[in-house]
């Protein structure tokens, strides 16, 4: 099973590598480039959301932070793109430490709200600062080479995927995250430092978002607080990961491809029904929580069925949070 | 999952049809606008403007070039209020549909992302609604706009207010922190200072902020004018807040938002006598050679087609089509346009100077308004009898400005 | 000059805070009892506001008289939806709190989409006779203007808080709710029907939020996209108060209102929201369980 | 008594107004099995929480192997060699039995592969090997309690705190668990065990300490404690209530 998965991953990667050689269609390249960006974002979100059980509702803030850092350094500091991009990733990771310190000590509920607020705080910051261009945003020098961005995105997303695959599925780190997700108190008894590990996971989740944001900025050539610091990135990453399957790497990737394909199709052919999109997106996410708690991937791999009922007691009442609240 | 990937790949790659281009006898026109997302309201207004133009042109047989008529066919791309989707849409229109020219996005953000893509493919674009001064500072060779930027339109009403008696001496200028509103507020401020009105307070505030503490503090300064840059919801909130603290300035000035029906609908008598800026109203005396003879004719056609009154955004969008129509005729280009013909079309646009139902269209070919339409006269409007009425400049004025504004409590 | 503005700024801050109380009250109750973070709280406010708007249009009555109707309708809606939420949070995947978050997040998107479809994109206002009134008070060189509609909103908020407080403290239902919040198992032993009580709690949350929408529509404006702004307000207040700690809500709301008001008058208005965020961050850093360290 | 491994010195724990532990002192010697008994609410679990670092005592000190470890966090104590089980067993439900134990083995075997090898050994030792691939959530109560022990054991502890690992099991399961505990003890691990079932405590403990209302009321060899009038009264009192 493992080997065949690796094989298929390899084949997928090779297919993606040759696409630009097969087509001269720059629009198709653009679509696939963006799809890959969403794969990277959804998978990165899942490091914290799925593996660690902390829902980051401010994923877009880190994406935007990367985008702005790259843009500011390139435009005001005249840094080369590659360096500015790396700086964007580093800054996104540093922001995760700052944001995580007060919030990751707490229960997931606080974290979810705090990250949501953080996203708005970062957006406000970009709106009032001078060097970010305020509400007017920033333009970057157009470098309109679709192949370049395609390969860059492909390489970055592949690296992100492989690194996460190794760290989460084949090294101790992933296991630690899952242990903390399942029972933080119990994990402490086994020598794990939850807050430290959670902050590491947060950084691991936000650095890719920051880097992808930087690529986005250079690719699209224009960023402003509404487009890179709005709700879109967060909303879509969450939906893609939940729909695809939390706590896996393949799940969010599949979710990203399907939802992005749906979105592209929807807006290419059904744009008269505009706002239905939100309704469909919302309904899909709400229903998948109820009927597909393991996401699409749970359905495909049968993971959902193999798992025995969670506990002999009625799964019903008493969330763990409540029980832990008692001293 | 593999099958899914494969399927998606095929679906994506399979959508690159080879269009028979040889002897096309109609124009392919790309339309990029935001039909969904935050900007969908405005985006759909622009779509109406573009659609109405296409319908009228085709009813007349098409665009007349060298005595022959070529119909137009519109190809849409929904920017979804996202710059990236706008750029993506532009790429599709340029490479798959191979459009001859493009009618542009609603917002300046999307325009700024779309313009470089079209630059690359050398496809001329006219936006009928983006009005941020930023666009024109970028000096895109192929991007034009029919609506003058806000710093061009925003100063006219301030000047008009300064000419009223008794002359307003002091003003408070507030703006919401988004690109359009901030530029509007800055234009108001600059113009006020130029006309000798003292600006007591100038603040840019976060969008959606409850302004009552700020207005309470401002009330103490007793400003003659309160000028505010914002969008519909914020305009309504501002008027309601002033109403709540019961302060009536001599003049309350906003931008185009007051001309939207929603403004009057929401505020009723409190909307009366609020000043605004515009470049076009259905009653503007204009004279057009192409499609519609004057503003009234256009307004009637729009009302008939959509059942709602046309605003200046919609008119600006229809006018963008007319600009292309006129430029194509002058350049003598026929579909499909090759690169040289697109360049000729662009040059013709730059040289264009025509009268339309919308007013004069004359794109600047240099300066800070590069490729924005500077042929128009900015208008001062005031809500009178539940509709926007032109009060300045004098040659277009329908009625004198009501000034100073009737106190809130004295209205019927 | 500056100090003269102080009474007005403080009053405005308190009046703003008053509105925030009811934005956050139902949300805090739902969290305290059901541990549901309701991402859709702003959307309930939006839906309530539009129901008030249309009812006002049809009946011509003052929106403030329509509050009970809106409350009744949306309490029923909340009561009916709770079983679905319950099902979402008690699925096989552990972590009910997070599943509830994701579920209400989906609900939020769907309601917003539906709102945009049905109500369109334009802004409206709910006219009330009170929005045209105000009182000017002056004493000893100090003066304040009291906008009537805002005072109504303030009184409404205090009233709802008082009623809720009374119900929780002095009725059998309130006892059951408190028992449920303390300990579900024990509550079950005491013969309390946890599901029915939960449904009522969520119903009350939705009902109060929707009613608040009408008050907000009378003070400000309403649009199908307004929800997000109020969701974040609710989050702010509840985190400041300590999650699930109902008694902290009014104080947190007032603090938030005062910070905004004072900052708008005495600070740089551009940074108002940033100041609010900074304060929230600092408080979380120092006292993670809210102002009173009483959060769950 | 052999060399002192754990020393609890005049520890008090106050929650609000409630005195959960009142000036409790006792010790566990190296190689000893010490039983901790007392009626419900006597403070046994609280004492466990203090010793394993989940609660910081209001007063008093805890020493482990001669070092003061009062108030140290659980993960530090785990590193020092204190392992515990939980009365309410909560395995990492989404993980398999093997993964559960592997997490614990990571403490001394930082590489996932090595930890997994070690985990297999522990599973063999604890008799869980044939259930290794199953989700932990699917285990029976006995299996879960055993898993708790396996995880604690994986930390290579010098002191093992067992919180009611026998209660609730049927006699056969109980006997097997007792045997496992004795095996662990034989491998050189000191044990502090809380148990409700007298038979277990009396059979395996070298020494027994008795808590009642947060205070230690007796300590000594099992037989001696069983005859202590204060202890009998405490238990009778509970039975009568």
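Chains: A, B, C and D, in written order; residue numbering restarts at 1 for each.
Heads up, the rule we're going with is that contacts are C-beta pairs under 8 Å (C-beta built on N, C-alpha and C of every residue); 3 or more make two chains touch, one makes a residue touch a chain.
Here the structure is a predicted model, which means the values were calculated and not measured.
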item: Minimum number of chain-to-chain contact steps, chain A to chain D; value: 1
item: Highest C-beta pair count, chain pair; value: A-C
item: Chain whose Cα centroid lies nearest the overall Cα centroid; value: A
item: Remotest chain, chain A as reference, centres from CA atoms; value: D
item: Rounded Å distance between chain B and chain C, as computed from the means of their C-alpha atoms; value: 37
item: Computed distance of Cα centres, chain D from chain B, in Å; value: 74
item: Chain C and chain D: spacing of chain centres that average the CA atoms, whole Å; value: 47
item: Length of the line joining the C-alpha centres of chain A and chain C, rounded to whole Å; value: 30
item: Contacts with two or more other chains, residues of chain C listed in rising order; value: 94, 116, 270, 273
item: Junction residues of chain B, two or more chains touched; value: 38, 40, 177, 206
item: Chain D residues counted as touching two or more neighbouring chains; value: 93-94
item: Residues of chain A touching chain D in the complex; value: 170-172, 175-176, 178-179, 181-183, 185-193, 247, 306-312, 320, 323, 327
item: Of all residues in chain A, those that touch chain C in their complex; value: 53, 55, 57, 101-103, 105-110, 112-114, 116-118, 120-121, 124-125, 128, 181-182, 231, 235, 238-239, 242, 246, 275-290, 293-294, 304, 307, 309-310, 315-322, 325-326
item: Chain B-facing residues of chain A, complex; value: 8, 12, 15, 19, 22-23, 25-28, 30-32, 34-35, 124, 127-128, 134-137, 139, 142, 144, 146, 216, 219-224, 226-227, 230, 232, 250, 254, 257-258, 261, 265, 267-268, 271-272, 274-275, 277, 297, 300
item: Residues of chain B that touch chain A when the two form their complex; value: 1-2, 4-5, 8-9, 11-13, 15-16, 35-36, 38, 40, 76, 78, 80-85, 87-88, 91-92, 95-96, 109, 112-113, 116-117, 119-120, 132, 134, 138, 177-179, 181-183, 206
item: Chain C-facing residues of chain B, complex; value: 38, 40-41, 177, 203-206, 208-214, 216-217, 219-220, 232-233, 236-237, 240, 243-246, 260, 262, 265-268, 408-409
